[in-house]
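Pasting the structures in now, so scroll down.
You will see two complexes here that share chain A, one where it goes with chain B and one where it goes with chain C.
This part shows the complex of A and B:
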């Protein structure tokens, strides 16, 4: 029931590797990690959710916030590696139509 | 058909750190009752959303959330209740719905998806507001293993009608 976040930086891209469950308890941790990155002009922020087993509306809200922040600050937010369950929530809520999402596979950007 | 029902009750401090405990509890109970993996995951999200509402809105200071589960032959009822005063059901029911992708990003809502998810993921949802708020969420057991598909997204307005049909 915990969340582990690792961040990797390259020139233009920041990749966040999220592991665990995103709920009301752990979401503030996620927000703290993502938001400052989306505030940088021109930054590509990739969030890797391959190891996220659970997410609910609190977590979805963090990504909506991050999307808003990226738009306001001219950065770009991208989610990758979503499993079927996590992807389903993004579809049900319609968030897949507004957020750049790549399902189930990791990109070799390391 | 026998009208046998097994009851579970739990009183949990209304704190975010314990929402996961409620999730695990419901997962265990639903698993014991024979629900599929997907149904259990749906119930975990629904119960967590209900608890998160209590944690965020019910109490000005501290309080408890009350979890009850009633297992019947063909269904499970999960009830999350609080004894708070600060939540008006009418305010909870405002703006329920998915994200409106036609809106500019800056106007997208960051909250309010919780009740929408409960409504979508459970078969039947009732909310009462007597002393505090109680959300009664029902999931039917499909023994044939055929998944029920939710085609439309029920709005809060037609929910009651849906409840009467069942």
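This part shows the complex of A and C:
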């Protein structure tokens, strides 16, 4: 299955709208989309997961990598729109303590 | 090689003659057998055409000139096939070589896992760990110290296959380097986390639950690093509770600390530790809910721990059509009644 990634850029924020399942097969695609953004100094990177039904551990690894990259490059990573199953994964792994996460559907991103 | 070629030549002529004479199924069967032999002896397609030409020229010495030439033409056409065939051969050899290497690595990985479960008075322990493919990303570990306390770990390394297995060796060696005396679960995870954080790629991490069982007083102390929660079975109430331990996965932050939890284990109570391959079981109808796992455990809880885990595994494997998507590990530690 393919991942559908749309990126919107405003002045200081990049928003990635992800659709599909993030697993071992689609993870490289996500990595390619996120990583260059987190490498930009001062960049706010918001990842909208409203249309992501499932993430496996390889997928989680991409967010971990993005978090580390944002910390190293002084950018900021934020996840929004996580469904219950996806949120559970971030919460069990304790990643909700280290990554900025907003649960559920969000209108706008101000 | 020359020998086997002339032998093949002789054989081909014989079956061809038989077929031309009798034109029956049996003759075609010989042809099939022959093609198997040709493959075994690594004879290329254009060589088979040569065999045919030689046989035909012998059988029909007065063939029209055009027919003979047409065979030469066919031979030329088959050359390309021959090249592709040889490439296929060499790829197959390479693949076999790789497979052998992976088999060696897989059997080496088996040595990372405990050969036997330590015997502890009053404890009944069952363990099952099955990789989805040859190499596993699940790890478990048992150690018994001089006071009879049992330390046990269950870990899931992100991803599967060879990279996960390489990462596992790091965990194994780090854990082997710890002193024999019991380490507090929280301290052990903090220690291990520093090793992992220093040594893994940015998008790698490891989840682990570490527990220590003191059979003298039947206390179970445990800490978790982002690991899938287990279950605690309360015998007196015949109920399952979630056995979770909050903590971030290993390899993220160098200075992570891990809370330590504690349970007083009563006779008949048992602890269930699992990898997420158990709860992330996917069937055609979606994911298996955690409640279905406890239902399965309940169904077999009268059995000894080892049989219990084996039965639960069998049922879950059946639900997935006997095709594991993720490595699977299930551990049960029961205080005997």
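The criterion applied here is as follows: the second predicted complex is superposed on the first by the 107 of 110 C-alpha atoms of A that agree within 3 Å, B and C clash if a C-alpha of one lies under 4 Å from a C-alpha of the other, contacts with A are read in each partner's own complex, and residues count from 1 in each chain.
Keep this in mind: contacts are C-beta pairs under 8 Å (C-beta built on N, C-alpha and C of every residue); 3 or more make two chains touch, one makes a residue touch a chain.
Predicted, not measured: the structure shown is a model, and the values here were computed from it.
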item	value
Which of chain B and chain C A:68 touches, first, second, both or neither	both
Touched partner set for A:25, first chain B, second chain C, both or neither	first
Chain B versus chain C as contact partner of A:58, first or second or both or neither	both
Broader residue contact with chain A after superposition on the shared chain, chain B or chain C	B
First, second, both or neither for A:98, with chain B first and chain C second	both
Contacts on chain A seen with chain B and repeated with chain C across the two complexes	24, 56-58, 60-62, 64-65, 67-68, 85, 92-95, 97-98
Residues of chain A touching chain B in the complex	1, 21, 23-25, 54, 56-58, 60-62, 64-65, 67-68, 71-72, 85, 89, 92-95, 97-98
Touch list for chain A against partner chain C, complex	24, 31, 56-58, 60-62, 64-65, 67-69, 85, 92-95, 97-98
Chain C residues touching chain A - in the complex, by the definition given at the top	156, 158-160, 201-205, 207, 225-229, 244, 246-249, 251-253, 276, 280, 287
Of all residues in chain B, those that touch chain A in their complex	16-17, 19-21, 23-24, 38, 41, 44-45, 48-49, 51-52, 55-56, 98-101, 105-106, 108-111, 113-114, 116-117, 120-121
